[in-house]
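Structures incoming, each one as structure tokens.
There are two complexes below, and they share chain A, which is joined by chain B in the first and by chain C in the second.
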Partner chain A sequence: MRTRSATRLTIFAVILLTALYGWGQETQSSEDQRLNLEAHVGKMTGQARVGQPIYKRFCIGCHGPLGDGQGENAQWIDPKPRNFTTATFRCRSTPTGTLPTDQDLYDTIGRGLVNSNMPHWLPLTNHDRVNLVAYVKHFSPRWLKEKSGTPIEIPKEPEPTADRIKVGQTLYQKLECWKCHGVEGRGNGPSADTLTDDENRPIRPFNFHDSEKFKCGTADWQMYKDFMTGLDGSPMPSFVDNVKPDEAWDLVFYLRTLQPMNSKEKQIAKQLGLKPIAGAAQPPANNPQ
Partner chain B sequence: MTIRYKITAAFSALVLFALGALVLSTNVSAAGEGKITGTVKFTGTPPHERPIDMSKEPYCQKLHASNPVKTENVVVGPDGSLEWVVLYISEGLSGSAASAVSSEKPKWDQKGCQYIPHVMALDANQHFLVTNSDPTSHNIHPLPKAGGGNNQWNKSQPPGAPPIDTSWPGEEVAIQVKCNIHPWMHGYMAVVKGPNAVTDEKGAYTISGVPPGSYTVTAWQETLGTQTQKVTVAAGKPATADFTFKGK
Partner chain C sequence: MRLRFAVASSRKRALLSGFLLSTFTLFFFLVASSTESGAIPAFARKYGLPCSACHEAWPMLNVFGQTFKDNGYQLMNDRDSPIWQNPSYWPATFRITPHWHRESVNTVSVDTPAGANAGLSRISSNGFDLTGLDFHTGGTLYQNISFYVLPSSDATGAFHFETVMARIDNIAKSSWLNLKLGKYELDNIISEKRILTISNNGGVYHLYHFIPPGDSNIWGQMGDNQLGMELMGHSVNDRTRYSVSLLSSNDGTVGLPNRNAYSGFVTASQAFDAGYQGGVDRIGAYYFGGVAPTTAIMSGGAPILGVGNKGFNREGVFGLLYVKKLDFQIFYQHGSDSAFFGTSTPSNAPLPAGARSPIWNGVFVETHYVWNPQLLFIQRSEFIRMSQQAMAGTDPRLGDVDAFTFGYRWYPIMFSRAGFAWHNEYSVIRQHGTAPTGGNLASSSLMAGFDFDF
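Right after this comes the complex of A and B.
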């Protein structure tokens, strides 16, 4: 009798251990798979396994050992470090809802994020940064199942003209950018104080008068990309479905007139005597269907 | 001895064949026939649904000036009927009934700074249209849970913009949708497998296209949670499942 129950117990234990081992194997293999992820930027290839020690040296303090943005410094800083486990990124060249390209992530690491605690990581070698991209990707299983989105097309930049700036201003009113960014672009529109990010933390719309830099790059084409793709995870939506490439450039030129640094656009605006839009006025009567 | 074996073998083969044919035929002929109906009630004191201040959007404020829109977290009728409850079959569906995707393309409209409907039930991969009937811009920002097969996106839809035609690949009850420009706007899209329904203002629902069988029906309400019931659908006879959610 006793031996019998002992046998039963042994069988049970064996089954349990096998199951646990199998489960462990499965999670282990998923982790393994993710650690085998690569990143490709130009001719460079990054490996998540190689990126791991670099991450542990430089990134873990804010982004945390799990890549969830809960590092030990996270509580002291705002904006909060990005949570890599959801693979939701602001700075992308790809449509809203899709994964960014490796190049997008590589550029973000090299550029840093203005108005946040994320510095640029140019002191690291290019290869270190590509390896980091691969390791950052490894935190989300999305990279195993999905491909990066197809970058939106950015046509050649035209010359800024007075007409273009005026059209840009009309668009700023018509697309209701001012609802959040304010009539003067100071980030104080009527909806500004209720904005939250996707984790329900308060977030401020960009004040164009505050800085000559943007979160996702300083160049005109980067600004173009910001409102066309949207900044996923933030309240900033994508406009690519409803704004033509030409109009998008017009908007870029208008936004340049709001910024503090001297620019060709600003000169033109001065000559035009461009006044801020009357935001509170109703949008043109457009019959509801 | 061997003859007996042969007879038994032949007989059991026949029985198996007949059973198989029976199963197949019921599946084919009964699909789309059965129904599950019922009503969903609320007992207790319903939470206060406050009027929404839409003063940040003058057009919408004016539109609802005489009859302010109230929050829709728990919408209870005078007789205790509970609106906007999603009902779907969480267990028991098999074969084509489970994998069929409705070809209907429901509309998710933004009208008067509200989502019409407030709650929508869909099959995974079923297409739906997001439209804007307002003379003001909205941004549609669905927020699925991370790791659930659906990804968040955020698109601006200015007045007169064409509808957005899209779908959700993964099952999820339910995806919250919000508009960042008008923070009071919120609604839910419940993505399920197989036939589904949402209660109307009388708390009534009908899940149609259910083949005969035994099922678990789940009722989901955005703040009150979920309830389940076991039902059996017979051919030509709708099953009934009434639910009651209790308030605090």
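Right after this comes the complex of A and C.
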């Protein structure tokens, strides 16, 4: 009996070890495969293997050795560093739910993210940044299975006018942007305190009065892009199905009137005497009779 | 940190022995207390970045750290103002290096116990020791307004202000206009304050402090922090940068020791990607020149005010070149002092017959092999050659310097709360004709210790 038990145990152990070895090989193979990932920006080609030491030098403290946003400093940082393993990115030129282009990631690294600990890494060489893009991609197997989304088309920007700004303001109310961003765009809408990101962490809506920049850039077209692609991983949805391109531009112009710097839109708003929207319709007055 | 070499004329050699020993002692003392640097875990704590984000190996800055510094200790991500910080955040850091070292000088004039000259001897000493303590504090006071205060002590704990400055950045929203006022390091891209070698001989760039034998100009040392005002500017990505400083010619000494003596430091550089990976390459040029006193008004036998200004200048080019894990820092200097300085003649006295400006040229190449951000190997070779002595009859090679340094730094830990390195280094310097015998004066340093800051 004892011999038979020992034999069974040995066979079980061999099977287990073989399975573990096989799994380890597969994991290693997958890792190797992902380390062969490339990124292409313009004429530059980035390689994940080359990006690895650059990532270790500059990024590991926040994004962590596994790219899961659990670096040693993550606990002190708010908003939390991006988790690259899910390949979900805020700033994209591609439709919601799709992978960003290499150019999108390259631009984010170079631009940084406003109101976060992510600085702009413009001082690095262009090659370093494109190698970093390749290494960032290697953290998620999605890049082996899926292709980047097709960038959305951005129509030519029209001239901001008083009418457009008024339409933008109406849309701000109609689309209920104010519920999160507040009636004055200060990020203090009635839903603001309830919002969470895709990892169920509390998240604050953008305060337009705080900065001359938007989340994903400083130019009008970048704000337009945010409406149409949404900021994946955050409660900010894509409005591509609800907003016509012209209307999206109107929203951009209205949001410009909320920002702290002097702009053409702000001057127009001043001439119009634009007041903040009312927000939710006032409840009917309570009539005791 | 001032490197004073022996006066070489034969009639003065008799006085040289005691002077050399005291110079050696002074040099040892000053260098031992001069390990101040800009390694600031306080910044890393504020922004949550690892040391390696800003430092090729702390304290030496990489291109990102240089940009951070040039932006007035700001990442420019709208979170720079202290209002964003936890109120308990205190931007302070200290650095000190307990170590063992061995110092050796080949020829020193020694005395008998009675004080009479007993002749020449090789002096070697070794033992455990401390450097001075640097207590860095710096950062933003508000968006685009920052400060830096560095009380620094010698190894006995006697403090002085190594750096005290405030700066206003991005004036008129332009990165090209940044103003700094106070006592600060000159805008040397190859920074001696962030030097990776820290032994007595290897802890300085000799070219930054070179004074020809017999020259009295101690005011033109571009390695010393200076008092003044600097206008500095750079492109957003810091590829192109310039700075112009107006300085009091007092080598950073407070209390207006020199009257109406000013100098200027101008530098500009351009960075580029040569395509060999490893970092951003840069080339640039600098000019440091002005006037400084040759003598002083005395009171009670003590100098109270420098007067009799005469000119000096140092100019040259520098480069940072990266080839994968290797990088090279290259520095060239052409220097010259007034003949009054060169012959140690006060301006109100006649120059010796045939006196002329001393002129020299020098170069150093420092190489780093960065195995990874936690281990790097260092070598530096430095050469200074006199091209014209102040007196025509002087040995043309008198004062020439050859200096070599080798070492490595290993950082067992490197994260955003503190820095800790095991440092091991050997450095040797040889100066032509300045030994008491008229031969070459050579000294060497061997050191090993823990270099840490928190």
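The criterion applied here is as follows: the second predicted complex is superposed on the first by the 259 of 289 C-alpha atoms of A that agree within 3 Å, B and C clash if a C-alpha of one lies under 4 Å from a C-alpha of the other, contacts with A are read in each partner's own complex, and residues count from 1 in each chain.
Following the convention adopted for this analysis, contacts are C-beta pairs under 8 Å (C-beta built on N, C-alpha and C of every residue); 3 or more make two chains touch, one makes a residue touch a chain.
These figures come from a predicted structure and were not determined experimentally.
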Joint occupancy of chain A by chain B and chain C, clash or fit: fit
Which of chain B and chain C A:61 touches, first, second, both or neither: second
Touching partner for A:120 - first (chain B), second (chain C), both, neither: second
First, second, both or neither for A:210, with chain B first and chain C second: second
Touching partner for A:31 - first (chain B), second (chain C), both, neither: neither
Which of chain B and chain C A:72 touches, first, second, both or neither: second
Minimum Cα separation, chain C to chain B, after superposition on A (Å): 27
Where chain A meets both chain C and chain B, residue numbers: none
Residues of chain A defined as touching chain B within the complex: 85-88, 96-98, 141-142, 174-176, 179-180, 190-191, 194-196, 198, 230, 232-239, 241-242, 282-283, 285-289
Chain A-facing residues of chain C, complex: 47-50, 52-53, 63-64, 66-67, 75-79, 236-238, 273, 275, 277, 279-280, 372-373, 415-416
Residue ranges of chain B touching chain A (in the complex, touch as defined): 56, 58-59, 111, 131, 133-137, 139-141, 143, 146-147, 151-162, 164, 180-183
Interface residues, chain A side, partner chain C - complex: 50, 53, 56-58, 60-62, 72-74, 76-77, 112-128, 210-211, 213
